[in-house]
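One chain, chain A, appears in both complexes that follow, with chain B as partner in the first and chain C in the second.
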Partner chain A sequence: MTSRAFFARWLARSLRGTLASGAVATASLALSSALVFASVAVSAGVEGQLGRELRGYGANLLVVPRQAPLRVGMATFDLGVVAEERGLATSDLARLPAEWVEASAPALLLRVRVDGQDAGAVGYDLAALRGMNPLWRIAPRWPEGPLEAVAGATLAARLGLAPGREATLAAGERTARVAIAAIVETGSAEDEDLLLPLSLAQELAARPGEASLALVRARLAGRSADDAARAIEAAVPGAEVRTIRQVAHAEDALLGKVRRMLALVTAALGAATAFTVAGTLGVVLLGRRREIGLCLALGAAPGSLRTLLLAEAAVSGLAGGAAGCVLGAIASEAVAWSVFGAGIPLAVSAPAAALATSVAVALGASLWPVHRAVRVSPCDTLRAQ
Partner chain B sequence: MLPKLLRGALRLDPLRLALVVLSTAMGSGIAGALAAVALQIQDRLAAELRSFGANVVVEPVQPAVPGADAPAAHLDASLLPAVLTIFWRHNLVGLAPLLTAPATVSASRGAERALLAGVWFDRKVPRPGGEGELRAGVVPLFPFWELDGRWPAPGDAGGAVVGRALADRLGIRTGDEISLAARGGAARVRVEGLVRTGGFEDEEVLVQLEAAQALLGEPGKLSRALVSAVTVPLDAFGRRDPAGMTPRELEKWSCTPYVTSVARQVESALPGSRARPVWSMAEAEARVLSRLHVLMALLAALTLAAAALAVSSTFAARVLGRRSEIALMRACGAGGGQIALLLGAELAALALTGGIAGAALARALVGALGVAVFGVPLAAAPAVLPLCVGGSLLVAAAGAVWPLRRALRLDPVAELGDAA
Partner chain C sequence: MPGHDVLTEKLEKRYGETAALQPLDCRLDAGSWVSLVGPSGSGKSTLLHLIGAMDRPSAGRAVVAGTDLTALDAGAATVFRRGHVGFVFQQHHLVPYLSAVENVMLAQHFHSMADEPEAAAALADVGLAHRASHLPSQLSGGERQRVCIARALVNEPGLLLLDEPTGNLDWASALSVLDTIARLHAATGFTVVCATHNPAVARWGDRILRLADGRLASDERAPAERPRTEGVSAASKDRAS
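Right after this comes the complex of A and B.
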């Protein structure tokens, strides 16, 4: 019989024994690797999920024509006649790189007279605007027809607009009659504006197929907003992309903090469980000193005995780790569903981390007790028992 | 007898005792730290989310009329400190008054009509009643604005900051002098810096509020004020219209720092104003905060469970490993109660030591976690010590009871014979 075959049989037999008696150790290994699995998986998934929630903050990039003044605050302030309005082609804005862009809303700014009074209007693709600002307070409903508009709360108060009323818009020679579908209260610049369907605004401004700017919600998830800006600039001719720093950078800072917090929690969890599991494994091994002494007395080489015991530890680490992966996958899905109401994609790092922790803890915890048990004289060990 | 036996156990097996104490300390310490962090993470993150900007906007009741020469409605700047007297004044972390109007900006490369904004850059406003100071103005309110140059010092009426896009078009650089002309007069200002925000400020000229008031001929006036308050996430109750509430509900609503109730208080502190929450911000904040809160609570619960299992299994192993000793004591005539008392005292001493060490560990961990994540140490609640110690004792007892009962039921003769 070759020594390798003997070793394998020996290992198999001793494993049958220990897997039963060491069930506690394997179970605690499974528990700790399940915890590591769950926290790694949740950390990996949380960024995408939180990114979705952060969408509520609105656009994080602004696409404007290069070197053109942005006529903001047109509603309240007359900034004078703009000699040459530069614009972006909406057909170009429809082809933003999907890899970066989560949502985009082209907008056309114009000045109109609403029932004879000056006001600022913004033409939007209203469906896109809704996707961009899912948390806006709009009452009673988003407009649906091509001749329906939304009035900002401040503007509505000033002009006495109310949902269901009709208003006549005039821009130069061109006029249109729109129905006010809703009032929107955002707390920011839009409160001063009349929001129109983009096609109607283009018609009124006599600028078909043009937009003065586009709001873009870029998918960042750890990537730089400036990289996103450059990617979009390359895709839209004549465009300059500005990072809305207040949103993009605050978002980045927040995600960074959450990422660091979860990493630390994972490390702390791993340390706590690894330590106690190591203690349990050490106790189990110490209880087998007599068996080890007997093996040594029968002439087993200390080296192969050490290899046997460590191989045993590695196998029980693998078994515990595999069980932990199953438990951990269930736990992380449960966490993800209860926190975000959605599952998280399985990260490859989670099972890898769980298995590695489990095997490393099993081996690490066994090294010292095995070393000590093999070094002791078999006579002492056998007599002491 | 009892102290003697305890001392004996300590002398015979110091290493294993140390291991038990250490693993108890690790378990209770980490679980305690996570529980403490989970409890205060929401407040901390709420403060962190304020870096997204103001969440309440205050405007005059009668909005400005465009193109009209008649003086439009304005807020009175001298009343602004009243905002700092509201019930939730300690939650206010930012305040920025603004006066905005168009002006003609002339520089070396040309002139353009642009928005002139009079602001507070970075001012210390004393809180009433000697309760310290509030760092007010746009600089602390918008920490992510990028400035090339420096902000004008408070009281420096001749300094201005120009938006990047406007500066690029007019060829304005830091150190240049530009002229501003508005309906109240004209002035030359020195450009102290160029600001890049990515938003509408890129097209504006920012000057000190007083300088803008003089230029526009509107001394002591404001067109709006931005307020940043740390709030609790909006829930269904917070979203309700206070007009339809019973007096009792209204009291509960006012005594909760919802963004809506803070806005209402700001509004009543400033006569002639209308304060509105920035809804998208309030709602996004509510979602992010509640998600993270649940996540942390779940992680803390998982840790707690894992630590409890680990610690109780350590104690179970401790009892199981001493079956022959128990059998020997039984053979010598010790009663079950005596043995339980002896072992219980030993285990309690171990759990107590471990729990105290765990509380110290938790305190250190909470501080370190705060520094690593938020840059400021988080405070460990005083309840951490009793929680760690009590938790350790409870969990140790839970782990030890069953093996101890089993060991006491065993026949000492068989047990000793087996061990011999």
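Right after this comes the complex of A and C.
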């Protein structure tokens, strides 16, 4: 029998023989690796989940015609400069790359007179706008017909507009009569505007098939907003894409903070587990002093005993890590459902990190107790019995 | 392997102010069976550990088979021990999770390479072929001690050190163990040094060294009529008397 084969047999017997005494250490490793698994899985899944949560904050990219000179504002953001004269074809905007674009809402900006008073108006694909801004406070309902409009709260107060009231819109020679379906209060620029169906705005502005800009909610999930911008610019002729920095950066900042917090908690728990495992192993090895002393008396090299004991630790680490993966998968699903109300996809990195951490903690925590254990004097150990 | 001779010169072991072994000079002939007798604390085990390269003396030297053990560092002492010395302890120390044959194979593994048929043969030599796959917890005290003997001798050492080998056994088991050692000793000629406080066990040796307070108190030839020459029944009578 080769030395390696006997060593494997010895290791297997040793693991079986010390199963009960090593159970506490293995359980500690299982718990810590479960936390690592959950932490990595949640950290990976949080991008998608937070992305869904952050949809409520609206667009993160703005598509405008290249070299457009008119400054406009959207929400609390300075949306940059566009030109009324130069627009984007809504047919082009329909070809935004689905890989990068989660939702988009073409918009046409125009000035109108509402019952004879000057006002800003924006024509939108209102259904798309509604999907992109679920957090908007709009009452009593979103418009459903082609001649219904939403009045911003400030504008409504200034012009005396109210849900159910009709108003006459005029843009140059063109006029239309719309019903106010709702008042919207966003706390930002939309409060000053009248939001119209895009088709009505195009008709009033005499710019059929055109949009001044498009609000885009890009699928970032850890990818760069600049990469998304480049992909969209390549897909839409004559378009320039600007990042709405506040939203994009809010996502990055939030994700970064969540990741850092999870990493810190995981590191702290890993350190605590290492101490627990080291303490437990110290006690376990104390109980094996007689066996270790006996092997040394029989001529075992300390190195071979060290290898055996560290191999045991590594196997315990693997066993604890495997159990931790199962526990971690359950825990991460529970966390995802309780926090986000949805499950998270299993990241391959989660079990890899859990197993690697478990083995590393087991080995790291074993080094000192094992080093001490194999330095015992065999005759002292055997005499003490 | 033929037996090793053992020489001690002013061999001394101290633990702080306490002298476990006073300077000791003696020579043990190759192939002899020497009994070390004396009460607890007389230095028997200390002497065994020193000539077995398990411990280092405070002064003096021990030479086994021409090797000065005091000149060996820890690693060299380990190599010497695994190649030249077999130990049997009072408490029949076995690795609890290994079977009888695996305990024997463990000594082979440390020495060179585990060989299961050879280990099984060593167990057969001590009458335990049928217990090879049993764990220590499934063996009687006498059987466990015989496993220890098989383990100690499987690498054919020139020196067998026995530290109260029958201390935890009933007399029938003790006789069986001693008889086994005597048979193998007669067959292969290794040197035996057996520490015991039992005069009946001591009489199995050719020579009896009596220690007291870490000093050599007497050095005598064993009685011509020894229990092992008369077999188990004679030894039983000896103990009864």
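Definition applied: the second predicted complex is superposed on the first by the 332 of 385 C-alpha atoms of A that agree within 3 Å, B and C clash if a C-alpha of one lies under 4 Å from a C-alpha of the other, contacts with A are read in each partner's own complex, and residues count from 1 in each chain.
Here is the rule we go by: a contact is a pair of C-beta atoms (placed from the backbone, for glycine too) under 8 Å apart; a residue touches a chain by one contact, two chains touch by 3 or more.
What you see is a predicted model, and the numbers here were worked out from it, not measured in a lab.
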item: Partner chain in contact with A:L327 - chain B first, chain C second, else both or neither; value: neither
item: First, second, both or neither for A:S28, with chain B first and chain C second; value: first
item: Partner chain(s) touched by A:E291 [first = chain B, second = chain C, both, neither]; value: second
item: Touched partner set for A:A301, first chain B, second chain C, both or neither; value: second
item: Contacts of A:V258 with chain B and chain C, given as first, second, both or neither; value: first
item: Which of chain B and chain C A:L309 touches, first, second, both or neither; value: neither
item: Broader residue contact with chain A after superposition on the shared chain, chain B or chain C; value: B
item: Touching partner for A:F6 - first (chain B), second (chain C), both, neither; value: second
item: Which superposed partner A:L213 touches (first chain B, second chain C, both, neither); value: neither
item: Shared chain A surface residues [contacts with chain B and with chain C]; value: 385
item: Chain A-facing residues of chain B, complex; value: 19-20, 22-23, 26-27, 29-31, 33-34, 41, 45, 48-49, 51-53, 55-57, 59, 63-67, 100-102, 112-115, 142-146, 165-166, 168-169, 196-200, 202-203, 276-281, 283-284, 287-288, 291-292, 294-295, 298-299, 302-303, 306-307, 309-311, 313-314, 317, 321, 365, 369, 372-374, 419
item: Touching residues on chain C, where the partner in the complex is chain A; value: 45, 49, 54-55, 75, 78-79, 81-83, 87, 89, 91, 93-98, 102, 105-107, 109-111, 113-116, 151
item: Complex contact set, residues of chain A against chain B; value: 24, 28, 31-32, 35, 38-39, 42, 46, 49-50, 53-58, 61-62, 64, 67, 69-70, 72-73, 75-80, 118-120, 133, 135-137, 153-155, 157-158, 185-189, 191-192, 242-251, 253-254, 257-258, 260-262, 264-265, 268-269, 271-273, 275-277, 279-280, 282-283, 287, 331, 335, 338-340, 385
item: Sites on chain A touched by chain C in the complex; value: 1-3, 5-7, 9-10, 13-14, 16-18, 290-291, 294-301, 304, 377-379, 382-383, 385
